[in-house]
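Take a look at the structure set out below.
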Amino acid sequence: MNFELLAQLTIAGIVLGSFYALLGVSFGLVYQTSKIFHLANAIPFAAGGYGAVWSAEVLHLPLFVALAFGLLMAVVFGLLILFLGYFPVMRRNGALLSLFLVSLGITVAFPNLLQIVFGTENIPLRTYNSEGELSSAFDNRVFSSGFLTITLIDVLKIIVSWVLIIAVVVFVKRTRSGRSITALRTNPTMATAVGIDRKRVYILVFALGSFLAGVAGLFVTAEFVASPVMALQWTIVGFIAVFFGGIGSLVGTAFGGLVLGLLSSLSSLYLPVNYSPIVVFASLFIILLIRPQGLFGKASV
Amino acid sequence: MEINKLGKRAAALAIALSLTGLAACSSSSDTTSEESAAETSAAETASEAASEDTATEAGGTCINEIFGPGGEAAGEGVTLNGGMLLAMTGAGSFFGDVMSKGAQLAADQIREAGGMDYQITIADHNNGDVPTALTEVKRMISQDDIRVLQTSYGAPSEAIAPLIAEAPVLTLNGGGSSPGQLSKDFLWQNRMVFAEDPAAGALAWIHQQYPDAKTLALIGTQENGVGVFQETAPNAWAKLTGGEVVVAEQHNVGDTDFKGIASKIKSAGADAILSVSFGDDLGYQVKAVREAGIEVPFMGIEFTGQAASIAGSTYDTFNFATDFYNTENPNPWNQCFVEAYQAKYGEDPEYYGSNYYEQVFIFWDLVKRVIAAGGDPTDPTQLQDALIADPNFKSVYGGSDTVVGEVTLDTNDHSISKPMGVFSVSNGTPVLEQEIRKVSPADDPNSALVQ
Amino acid sequence: MGYYAQIAINILILMSLAVSLNLLLGYAGRVSMAQAVLFGIGAFTAARLVLPKADASSAVAASGINYGLGWHWLPATVVAIGVTFVAALIISLPAIRLIKGEYLILLTLAFQLGGEQILSVWEGFTGGPFGVAGIPPLKIGDTSFSTLRESGTILYAGLMLVITIIVILISWGLGESPFGRLLKTIRGNETLLPSLGKNPIRPELLTFGITAAIAGGIGAFFAYSQGAMVPGNFSLDLSILVISVVVLGGTGNIAGTIVGAIILGGLEPILRQVLGDEGIPWQRVIYGAALVLMMIIRPAGLIPEGALTRIRKPKVAKSFDQNLNGAQGIQFGDFTNKRSSSPEENLSEVLVIEDIKKSFGGLSAVGGASFSLRKGQITALIGPNGAGKTTIFNMITGTLSCDSGSIKLRGRELTGMPTYEIERLGIARSFQDVRLNESMTVLDNVAVAVPNQPGEKIFNLILHPLKSRKAEKSVNQIALDCLAVLGVAQTAHELVRNLSYGDQKLVAIARLLATDCDVLLLDEPTSGVDPGSVNLVIEGVSKLRDLGKTVCLVEHSVHFVERLADHAIFLDQGVVIAEGTVAELVSSAELTELYFGN
Amino acid sequence: MTIDTQRNGLVVQNLYAGYGKRDVIFDVNINVLPGEIVGVVGHNGAGKSTLLKSIFRSMPIARGNINFGQLDLTKKTSPYVVAQGISFTPAELPIFRDLTVQENLELGAFSIKKRATYWERLHEVTEIFPVLGERLKETAGRFSGGQQRQLSIGMALMTNPKLMMLDEPSLGISPSVVQKTFQVIRDLAKERDSSVLIVEQNVKAMTQIADRIYVLRNGEVVLEETREEALSRDDWWDLF
């Protein structure tokens, strides 16, 4: 056993897993409440990245304002999908599969719209410095200790993801609005009875979910670039984390994401890296067979 | 320029938004964005119009200087229908974009120089989807009556090989090589073919620069890796250093997370890295490797601005060995090309843009030869015969400030030889370090370094 | 022409995949995300088999990937179908047993994504990312269906049309057969089928397998038509596209799927033509937007299920009503599997229940009930809410196990038997809600209950199509007769969703009759029925008695029980408190207090 | 009957409602006067729950009018109805099992935005049902049936409703608890001058507290009478 490699892969796994957890909670919020296979979660992801890049370059916004603008765009686009896509179909009693198709349509159209509007090239996040020049907004620093290294963005990924996940969990658990989400999910009849507006809860979860997706998009943009297809490979990760960890619980989803990341990373201890998706999906397959409620889910579903 | 472009995009975004009904809510914001749209697009048109003139002049004159006068012998009055099979949407859309720009510029220049009328039809193969590629090529053959084709990507180009041989359609591939495309009738490569071609030279250069390096790590996709992984690299490396390959990892095209591979390389303590991946993947790799604290030389076989933008400053520690296209090359045709390209598109041409630009000139050359021989210049068979008879063509690669470069196609396996070099990157711009050449596996890898 | 033929081939392949998936998604109500990888397994299997044998002397043999076993395409196709069928069974066995709804989606999704990756790393089989090329074209006699040439492409389009028609016929034949009727009945109603004496697992597994086998077969023809392919062709995108076709067209009907395939398969080439080179990214935008719009405008699909069902006037056996008066009953002929002849046949107590108990988590629901059902009589179970009436029904029919006690049908112990076995011995039940498939016709809803139908076995449908068709006629006649007994035969060819609730209740009772069971348990036959129709339901139930059935019903409206029941059993907290005629029971002050509270 | 619309009486006129195209209740006319306790009894499936849900506007209605005081609820939605001071307690799973007692009560007060009011009410409710006060932090799902029922009524009280609608509050609890619960409901209603509309199968328990009773049979109102009349009735079976 190579312990150095084990340790480094564990770090990589935690970074990846934290990111998965973030995406899982983002998707899970929406999915648990609405049961929509919200493939279009990719849109707020990309909207976040492009919002930041665009506002920094065109509106000359400083870094943190640009990031905030990106998050705003993520939420705006997430809600647009809800209002223009899902609500009309729900009003007509469309089945979940119809909603899935709406989601799919949006997911097909959006990256191409981005390509038309912003061009095909990768756009790095750049801000205007004090001399009025456009320069890279974010220089990734590397921290190392002996064999092990971790970058600033990786550290931020871990911290921000878990802070946000905890914030969301606490919000859902402790606040009045947050509890309306749990209420609607666990007992829709009673939720109606106490005066919870279903539509409002949907708006809330889509806003929250899109916000988290936007954060994920910002990470990718800050670390690498914004590109039209930046989100597509990540959307499925959200689904899987949710089912891996357990449908009923956000905490389960978050840990599911973490385990998924660790599994994916640590599998390269023994196997070539391109086998890690096989390991991930095979373990998902097995978990679904043994524990259909997910790794951390409650027994009754 | 950059601001203008993004401003225009902002306007387009606003329009897209109002389409979806958002902007309808606030009419005031709508008008402002429209105004700014009007302003920026006016500015844009003005600058475009101004540059268009210079382009025409520069293009028209310099092309005639290099390729001779226009007129009937140069194909005036001949219409050649050409197709392009590219990635126009999705992950590879950047490549499709620059490839089509290169070809379009060439068509314009040739027309202005009094040459053939080259008509382009573009097809999207949807990032290498084989069924789409086959359908689209059939469409171009039967609907657009294409006689020549510019294809891209390995798998679709390989898949259409029987189709173009049957039609026939004289086809050039300038990006995306694979062993399966070799020696196929009517299918020719004008991109240096295999990852293994520059590999020996690249490794020899590493050995020369870092004589202590004994262990090597290999990264690649399954597409490009096989030959290098199994044969070229281990053999050449052993001959050069007596050392061995300690890591050999393949990944999927489009992967972005290379932390695992980087950790393995670090753990194995490799003294040098050779990657035969392409496109954006390479940018992600370099960044991951450097951020894992690995300081050893990293050698790739491609350079694109796209990958550089991903890797950011870490790309300055990157070397690559390839038939790199260099905008600075003083070769008169190249300078004529670069100027015209900048004038038309407002940006420097990319490596792939140049390959597809050259291809159209190869077609033109063949048309002229067939006309001279009294044949039908739109017959793909006659065009290919002309190519086989003399596989030498002018090139934007190589040459000098007075002489236009030249490339030769291999009439046996339909590959190409282009001048290759090992480059380093400085502030995001490649710098030639060492010219190299392709050598056979049996030869001493050191002979790949051009003295 | 060649291009249009190629487009036609593409659409036909998509159509075949979607039509077969519709069997699973539309008819059985199970979403599978793994259709693309199954399609790919078929394609690569066939390709490997038909590719020429490696020739050692060949110069390019070194690249070594485009070689196979050199088989003829026909056996290769058969093997491809078989391999895919087996692969599908491997995933579906656990999937269907353990996992429903969203879990099945995810399980198949995991299979798809994992499978995709395996295909792309398994170079020996798929050739890795470059895939295989040089797959020889299909040949019939001397005619080569090479899609390299225009003529060959047109020929292949013709061949593909024939294959698609075959796939449509198979899917339509299965979907509209008694087998498909079973599937539609399972959808959203897993508990119903066992109560009609049919095991739902096998048809579901078979459907999974057949859908996959068709995908595998089409995969083979895809391979021959392409000549080259890569693992990337069988990605999740394709699975999603196929599902989209089904959902867009409207699940559960083949016409919709055909239209869906033409639209989704044809939209891109049309947009391509209209928009030209400049509009390539716009194509996808418009395509996606169109999908969204179509779902907003028609969320149930372009042709919703049942929309095309023709409303015909049924040929009701006029003479039947008269026959009924002679209490002759319905002639089931061969269509019964009821093992009713036993030595105790003449017992007046058909079903004897002794001291059955059931508790849930410590709470006693049924605390030792004993009673019996008398032959040819209507027995009512009455009692306040929570008296355990429905629980007792569930225990009799085996949906709930008994903690203790015995249930004997004509002396035969039933406890521990699965529901469908119990039904085959002659006990059928209805449910409080009607549990009809609203998108099927009334006749189909009833016909599904007729036992022993040869057409429910795929084996018979394939090997004895005529016999199956003939049998189907008799089955329909039986169903029609059952409807006639309940007086709703005139609605036979209408969709259930167009019926009033009262009529739906009658149809549900007719379905019970069609099981040919002689002990019928009715759970609240009049609940939710509008006042105008209640009498019809009461009449209908009493006709069951006229036909000699032994009936037990749970009914809350004592008002109606009084008019129906010969005998009533008063239950409270799962214990029999009293028995007697309804009049006797309601006159008891003690029972009144129990019922209305104290 | 004339109704004083200045006060918050509930008036339901010619109501038809059901699921999809299928109506379950037909031409129902009922009213609840301010401060009055009204019971709706009937056999299972008679449409009692449907009636409550349509008044609460949590299911669509086909025809008819629903007025509460001067407010027309016919075209409104549940959150609006709650905001007007009408509470609804469903028959089954009337609590959030996974949440604690306190969280349940907080959700019961969902429509109350003022924090101070919430604390005040919490205090009141725990006084009425001391067991809830003692076990505020416990998960509600662990409670006995009777305690869960108390919690559900406590949740309804959190809004200090002008009209409480209870669907089968006796379901799943023992007779003695039923009696106690009903007594609490009656006392509260009288004390606060609020109205109560209860749906029950348990006729006797009903007659203990209701001022007036409607009998629903197969979706139709077959009888309306006062408590006194109901108490003297011995032919209940006829009405069921």
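Per-chain residue numbering starts at 1, and chain names A, B, C and D are given in the order in which the chains are listed.
We take it that a contact is a pair of C-beta atoms (placed from the backbone, for glycine too) under 8 Å apart; a residue touches a chain by one contact, two chains touch by 3 or more.
Keep in mind it's a predicted model, so treat the numbers as computed, not measured.
Centroid distances from chain D, each centroid being the mean of CA atoms, peak for B.
Of the two chain pairs examined here, A-C and C-D, it is A-C that is joined by more C-beta pairs in contact.
Each chain gets one centre point, the mean of its Cα atoms, and the points for chain A and chain C are 37 Å apart.
In this assembly, the C-alpha centroid of chain C lies 41 Å from the C-alpha centroid of chain D.
Measuring from the averaged C-alpha position of chain B to that of chain D gives a distance of 74 Å.
For this pair, chain B with chain C, the centres built from the Cα atoms lie 54 Å apart.
Residue positions 111-113, 115-116, 274, 277 of chain A are each in touch with at least two other chains. Residues of chain D in contact with two or more other chains: none. The set of chain C residues that touch two or more partner chains comprises 117, 121, 281, 283-284.
Pairwise chain contacts in this structure: A-B, A-C, A-D, B-C, C-D. Of all the residues in chain C, the ones that touch chain B in their complex are 1-3, 6-7, 10, 60, 63, 65-66, 117, 120-121, 123, 128-131, 133-134, 147-150, 153, 222, 226-230, 232-233, 269, 272, 277, 280-281, 283-284. By the touch rule above, chain B contacts chain A in their complex via residues 2-3, 5-7, 9-10, 12-13, 16, 20-22, 89-91, 93-94, 96-97, 222, 249-252, 254, 256-257, 259-261, 263-264, 266-267, 280, 283-284, 287, 290-293, 305-306, 309-310, 312-313. Touching chain C in their complex are the following residues of chain B: 88-89, 93, 120-122, 124, 128-131, 134-135, 138-139, 141-143, 154-155, 158-159, 161-163, 166, 178-180, 183, 221-223, 226, 252-253.
The part of chain A that touches chain C in the complex is made up of residues 35, 37, 85, 88-89, 92-95, 97-102, 104-113, 115-116, 236, 239-240, 243, 247, 274-275, 277-278, 280-282, 284-285, 288-289, 292.
Residue ranges of chain A in contact with chain D, taken from their complex: 176, 179-180, 182-183, 186-187, 189-197, 200.
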